[in-house]
Amino acid sequence: MIGFLKGLSVTLRQLPKKKVTLQYPDVKPEWPERFRGVHRFIPELCIACNQCARICPTSCISLSGERDENKKMKIHTFDINFDICILCDLCTEVCPTEAVLMSDTFEMAKYSRDDLYLDMHWLHDNQLKYEQAHPDRFERARGEAD
Amino acid sequence: MSGPLIAFYVISLCILGCAVLMLSFRKVIYMALAIGGVFVGCAAIYLLLGAEFVGVAQILIYAGAITILMMFAIMLTNHEATEPPFQWNARNVASAVGCILLGILILLVIRSTPWPQPDTSVDVNGGNSNPVAIGMALFKQYAIPFELVSLLLIVALVGAVILAQHRKEDE
Amino acid sequence: MVAYAWLVPLLPLVAYIFLLCLGRRAPEGIVTGVSVVLTFLSFLVSVAVFRAVGSNPDQVAAYTFHWLTVGSRSISVGFEVTHLNALMLVVVTLVSTLVLLFSKGYMHHDDRFAVFYQYLNLFVFSMLALVISPNFLQLYIFWEMVGLCSYLLVGFWYFKPEAALAAKKSFIVTRIGDVGLFAGIILLFLASGSFDYNTIFVAAAAHKLTLGWISGQALVTLTAILIFVGAIGKSAQFPLHVWLPDAMEGPTPVSALIHAATMVAAGVYLVARAYPLFQASPAALTTVAWIGGITALLGALIALTQRDIKRVIAYSTISQLGYMMMALGVGAYAYGVFHLMTHAFFKALLFLAAGSVIHAVHTQDLFEMGGLHKKLPLTTWTFLAGALALAGIVPFAGFWSKDDIMSATLQSGHTVLYVFALVAAFCTAFYIFRVFFLTFTGEPRNPAKYENAHEGGWVMNLPLVVLAVLATVGGFFNTPLNGNGLEKYLLADGAVGVTYSENVPLMALSVVIALLGILLAAILYWRPLVKPERLARGFGFLYQLSYRKFFFDEIYGAVVVGGGKVMAAIVDGVDRYIVDAIVKLVGRVVYYLGLGLKYTQTGQVQTYGVVAGFGLFIILAIAMYRVGGVF
Amino acid sequence: MSLIDEKDQVRTEEMLLNLGPQHPSTHGVLRLLVKINGETITDVEPVIGYLHRGTEKLAEDLQYTQIIPYTDRLDYLAAMLNNYALCHTIEQAMDLEVPERAEYLRVIVMEMQRVASHLMFIGAYLLDLGAMSPFLYVFADREQIVQLFNEICGARLTYNYMRVGGVKWDAPPGWLEKVADFVQYLKQKFHMYDELITGNEIFLARTRGIGRFDTETALAYGLSGINLRSTGYPWDLRRKKPYSIYDRFDFDIPVGQNGDCFDRYYLHLLEIKESLRIVEQALKSIPSSGPVLGKVPKMIRVPAGEYYSGIEGARGELGFYIVSEGKDKPYRLKIRKPSFINLQLLPELLRGQSIANVIAILGAVDIVLGEVDA
Amino acid sequence: MWDWRSQPLTVPSVIAMLIGAVVILLLALGVVTYTIYVQRRILGWMQLRIGPNRVGPLGLFQTIADVLKLLIKEDVVPAKADRALFMLAPIIAFVPSFTVMAVIPFSAHNVFTANLGIGVLFYLALSAITIHGVMLAGWASNNKYALIGGMRSAAQMLSYEIPLGLSLVGVVLMAGSLNLNDIVLAQQHAGLWNVIPQILGFIVFLIASTAELNRTPFDLPEAESELVAGYHVEYTGFRFAFFMLTEYMYLFAMAGLCATLFLGGWSGPLLPGWLWFAIKVFLYIFFQFWLQATLPRFRVDQLMTFSWKVLLPLALVNLVLTGVVKAIW
Amino acid sequence: MAGGAPFPIPTGSVLALAAILFCIGLYGALTKRNLIIVLVSIELMLNAANINLVAFSKLSDKPSLNGQIFSLFTITVAAAEIAVGLALLLAIFRLRKTSEVKDLDVHKW
Amino acid sequence: MAHMFQYWNGYLFVTFFLVLGILLPVGALWVLGPLLRPHRPTSAKLTTYESGVEPIGDAHVRYNARYYLFALLFVVFDVETLFLYPWAASFHKLGLFAFVEMLLFLFMLVIGLMYAWRKKVLEWT
């Protein structure tokens, strides 16, 4: 009987407390810098070394490069099949030029599986959006580089 | 045609309708439901006749407890039990004829008896509310039968438990 | 205080219900504690009631209220307090308390200890309720309940075949008496329209009891005797005394409480309570006196030779109850009741002491005991007190009451009965000291049992001591020394006015007779000058007569069974040659009919129902046709 | 009294009932095929595999580093521990040195992971028993751990944090302080859980003496973790076969007495306390700086041979068994999945129980279908 | 004030009654709607959540949206179900739940209340009928969960109806009448709400009524973690809505009964009667939600045993005690 | 109704209702095959009797409560009857796996 | 007379509730419903739910006698409860004797309960 009353008092005490839930679509969660959302991609940096495709455990990255006039490898197509990507972050880990990075985009609901094939342009746009959303991080990165 | 009379005819119709339905249904569980309708209808008749407590007792015991008990019994024996369709065998015909004859006879008797004019000036409850009046009658005039009721119930309980319970020595 | 007398039976009932709730596995301490404390409270209330009644006779009253109406007659329930039943309450509750305490030791470690206490409490409740009943109906209800408890308790060890048989026997034999009682009560109800004592007594005194087929004096006598038949059964009077010795198969505390102190006294109480009715019929009174006298003598004679310690005391009880009945029969109402009281004390004492002995040596055979006074000193002394009281030695309790009865018998002109009583008194002294000497003195006859004997602890000793004190001094309630206090108290009801004067020579005579009895016992069993066996051989037939209990069981067996056999033979002949012939003829006819008709027996209830329904219809139709106006 | 008896002619017919795969309280897609009589269970057959992904087979075609994210998805409530178990086995096989700070970070996240997992157990168990609020309360608390993990490795559930030879990230600035704060915060919450759950009479009535088994049975079935400890057998790999740096910490192994559901619940609560103790100690003694990844060859090749090492997972002994031919991919990878092994006892436990107890027992056995089906 | 109740029947009085009944229907529906809303809010708050807040201001239209959604949902009758009974069951369950409202005195000027001499029993008798609906729903679905749920539910409601009924006898004993209005008046007259002298009865009532309402910790028939949803597993759309409606109607009615019998009904100082009544009803309802937020549920065997072995003896003790006090006093 | 005004429901109608109900019950009891329904039909007949009792308690020339009280007792007896009857049915079912009246013909020749 | 009208009118009012109570679901389910609801049954939709797999066997198996025993107890105790109500209502007019009668009655009831208890009728398992 006592235990039961104690339990009641516990729940009653919670009643006026601050709520922990977010008003989600209105209020987006704050993600930390290391957050592994959908990839962003910087085509200029990519040397099409194929390391990311090779390390990917689910083989969701496919890319093709071509040599440009400077005999440098240049990325031609870069697609991520988000249907099977497990956001393990290994691709960014192995990327020697930091061309593939993770963003904090996490809302990926689509009506068709086809829409989940993300190509280079989409990923680049994602990079631009990310830059816009977090100018501070880039400044800091630049500052560190300096 | 006064209100209560209309009500009486409507309720009677419902009761008889449910009773006839009961006879004509083939699934046992439907029959149990139809009989529930009869019980509730009877309760309404009692209420109409001013017997509040009996009416509510009828609902509580018959429509509530007994019908439930029947449903449990159905579910414990044969859920899908059905009656065969009506057959013209000797017993059915004889029963039908006998019941109809009996009914006609009783109705004739009822018609031919000069029923006394009810004395509506008497309040059977003696100025109390109906349950109070019932209580007073029950505990003064009918004290012994009342105690016997408890005895009856306990005997019924014991008997039913013994019957319904699985016995060890059967094993 | 008197208005709270209903508490007296209620408290044991509470104890009973409480024990019932505790179940049969309840710890012994709690069981005993609750029972003893509640019964003791009940005793205290009884004493208060007794004092209240004694100090103020106006307190005597019946507290009844209307229960139900049967036809035009109304039946009430409630309780009453009179001088008589106030005394009874005290005696019953006192003995009950002590026995409940004693049982703790005696029944220790019995599997059904709690059940035993439940039964005992139920008995105490029933007995008290019987005593306190204000009318015959209520009395009869509790009368039967008391019988039921007796049955349960006698058969408490139902796994022993003797116990089960004894229980059955006691139940059936007393039932014979109860039929008489019931018939008497119903006749009284029919004649007077009431169950109430007072209504009936007033009507009887005014000669207003009549029925269509019998009237006046005859009805009074008839009903009085019928009621007395009930008392005969319950109080084990001749000729229905056979159940009581067998009832000794029950645990000893039961014997002490039920079959010595209380229940068997219920018959005496019944006669005492219905005394106005008996007074209205001299014939009934005479019957009572003679039955009592015969029982007193018979019981004493049988007791002389029994080997079982409890049976001796049981026959003694029968004998003493006979004294009480005799007293009532000769008109010495107060002395009968007085003897009831003193007898309750010393007989309960004797039984409990016997119980203590049995508890110690685990046998009931007198010839396996002996020399126990070394092992059981307390029991010895208390038993001696009880024995002296029973034998009627001055100044022990039994002396005063028995002597009163004997004086009254002589003075009321029943010389033959007086002789009976005197012989019985002699025998009483003899057999009880025979028991005493055989048990406690001399050499142990069964060394193995002797060695293990020991006293039963304080729970068993305390009741013995208390009862011994009462058996010693209990008689002083009613002596010339205190101006016959109890007698005055009892007669304050005003119902019975017969008293008898003390007669010192008669007293002396009875004491001498008793001493002679003791002396005879001593020379036979203590310091054996004469071998008892020789004596037995010398009186061969008489010894057998006594030892075989005057062949009562055999006679009953012979009469009932033998008579039955003769009847059976006759009936058999008639049956075989006359009836059978007819039957066979009928049978054949029916058989061949049945062969054809069996096809209607479908076993289908509903088919039968249809037929029955048609039958109903036809009957109704014919009835309606004859009434007319329907069709 | 019941009509269960076989000889009885009208015993009630037996009924086969599917609990799961789509059922609110089978913690995923377990299917229990239950044979009931009245409400009493006569037989149970757990049907598994609805979540089977062939992790072990897949691993044969993956480099060691690539296997790590797959381990996240085994017991998805304790991904850190799975990560570690694999890395630890490989490190043992290759005889690698792990930097000090990395070890500390690993212990901190592992114990935090254990706390999160146990909290989740408590919440889910109470939800099974019909109490909704505790579930949400533990979720609020667990959310803080998840956020901490999110900060250190960027994911909330599938961390992929450990690497062979260390961890991927060092702790971000201020992270360790946040952990310390959280430990203090959670310590104060225990009181509330005790009041709300442990002392509740209904909870006690539903868990005390339910689903009991003894040490022999547990050992015979190869149980480990809390399921074994609840029977009073103090078996904890962190103590019995110390790995990592657990020998440096002071903590107790709480054990139960009765081996019933209540013991299992209560042990979870006690173990949370012990884990917090470890985290506190680790936070005190962690080196302030240093590498977090040891010297590891670029291509990880486990020398040919067979290797096994087990750690104390959240649900029992979690072990990885590697058969290597010396290539960069394992020849065979076998995982000792504690949930799967714990599940084997279930039919034994459930036989003869009433349906209502199924949930209480199943919940307390504590399985995660991702691990069972692998 | 014109009182329709003691006058001969006329057209205006019939219309008045009809209006009264409709008003109560609407009132009950409104109360149910917002009870559900309040339930979700309170549960949310107690669980550190916000609760419904999207539909309408503060989420006030949430329940209405739910009802509308249910209304336009497809009505599926499983192929194996017993069609007729399946469709009939929600109605059998619902009708008494609404009819019992007829006797609850909402305010001092009990305009919308049938002043029946058997008020308390009327409630008990009718509420027993709902059991049929529940049981038939479970049976007709031809679904194992539903059957178990229905049988359990019936057995539970049966078992708890006895202590419930017995706990009310104490109140009747205090007031000497079965009429709910009289009971309120008796409390007003005594100046003491029954909850004080009948505290034992009140506790029994509280527990038994919780069980009658199939609410936590007695929500076994619907135990979602075992039976998924109990007797209404197979019900969809508006049929399902009627079971929910029944449940919350009874919650309201039971709250009303509790307020009337134990908390003095509409009596109370200062505030108008109907407001007092509303406050008491809300208190009861809040208590139910509070329990729901706190407790795990009983196991079915514990539940049955609890009713017969604990509550029933308690109710009897209460009865005897009340009788003794009443007899002496 | 003012004092002495006739009660709106005629006695004969109520009795006729009861009579018809009784006959329906009788017919059911005689023809239905399921034991439960036979029991139920008997309940129907009891109810018919009850209607008469209550009717006479109100509609006789000396109205009194006796009829109502009697019908209360009838209801009680009916409850006891149905409880034991159905328990018997269960016992029969246990023994013979049938709930049909026609199979219960042990007393057949 | 007033109370007679009150009686009739009270029950008429109850009748209105009854009728409304029937009309509401009937209206919502049979009148309004078909207008608003789609009706596109498919065989998958119409299967019986059993945790997402095909049900094995029929649900209408014979059930445990335990339920019957509870229903039985309910019937008996319901009747006993029923008799308590008039007692309670008229107690203040009856006095002590009625109390004793009721105690007897309750005693019987308790005996019944004890019997059921002893016979383990009250146990679920």
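Think of it as A, B, C, D, E, F and G in the order they're written, each chain with its own count starting at 1.
One rule holds in what follows: contacts are C-beta pairs under 8 Å (C-beta built on N, C-alpha and C of every residue); 3 or more make two chains touch, one makes a residue touch a chain.
Every value quoted in this text rests on a predicted model; they were computed, and no experiment measured them.
Under the contact definition stated at the top, the chains bordering both subunit A and subunit G are D, E. Centrality by Cα centroid goes to chain G. Note: the chain lying farthest from subunit B is A, by mean C-alpha position. Across D-E and F-G, the chain pair carrying more C-beta contacts is D-E. Rounded to whole angstrom units, the spacing between the C-alpha centres of subunit A and subunit E is 52.
For the pair subunit B and subunit G, the distance between mean C-alpha positions equals 17 Å. Between subunit D and subunit G the centroid-to-centroid distance comes to 47 Å (mean Cα coordinates, whole Å). Between subunit A and subunit D the centroid-to-centroid distance comes to 28 Å (mean Cα coordinates, whole Å). For subunit E, the set of residues touching two or more other chains reads 9, 46-49, 116-117, 121-122, 139, 144-145, 151, 154, 158, 176-178, 228, 293-295, 300-302. Shown for subunit D are the residues in touch with two or more other chains, namely 1-3, 8, 10, 12, 15, 17, 23, 39, 133, 137, 140, 196, 200, 202, 354.
Of all residues in subunit G, those touching 2 or more other chains are 7-8, 11-12, 50-51, 55, 59-65, 67-68, 71-76, 78-79, 82-83, 85, 88-91, 93, 97, 109, 116, 119, 121, 123-125, listed in ascending order. Against subunit F, the residues of subunit C that register as touching in their complex are 598-599, 601-606, 609-610, 613. The residues of subunit F lying in touch with subunit B in their complex are 1, 3-17, 19-28, 30-34, 36-37, 39-41, 43-44, 47, 50-51, 54-55, 57-69, 71-73, 75-84, 86-91, 93-94, 99. Within the complex, the subunit A residues that touch subunit E are 4, 7-8, 10-12, 14-21, 23.
Of all the residues in subunit D, the ones that touch subunit G in their complex are 1-3, 10, 12-23, 31, 37-40, 354.
Taken together, the subunit G residues at the contact with subunit E in this complex read 2-3, 5-14, 16-18, 20-22, 24-26, 28-29, 32-33, 36-41, 43, 45-51, 55, 58-60, 63, 67, 70-71, 73-74, 77-78, 81-82, 84-85, 88-93, 95-96, 99, 102-103, 106, 109-110, 113, 116-117, 122-125.
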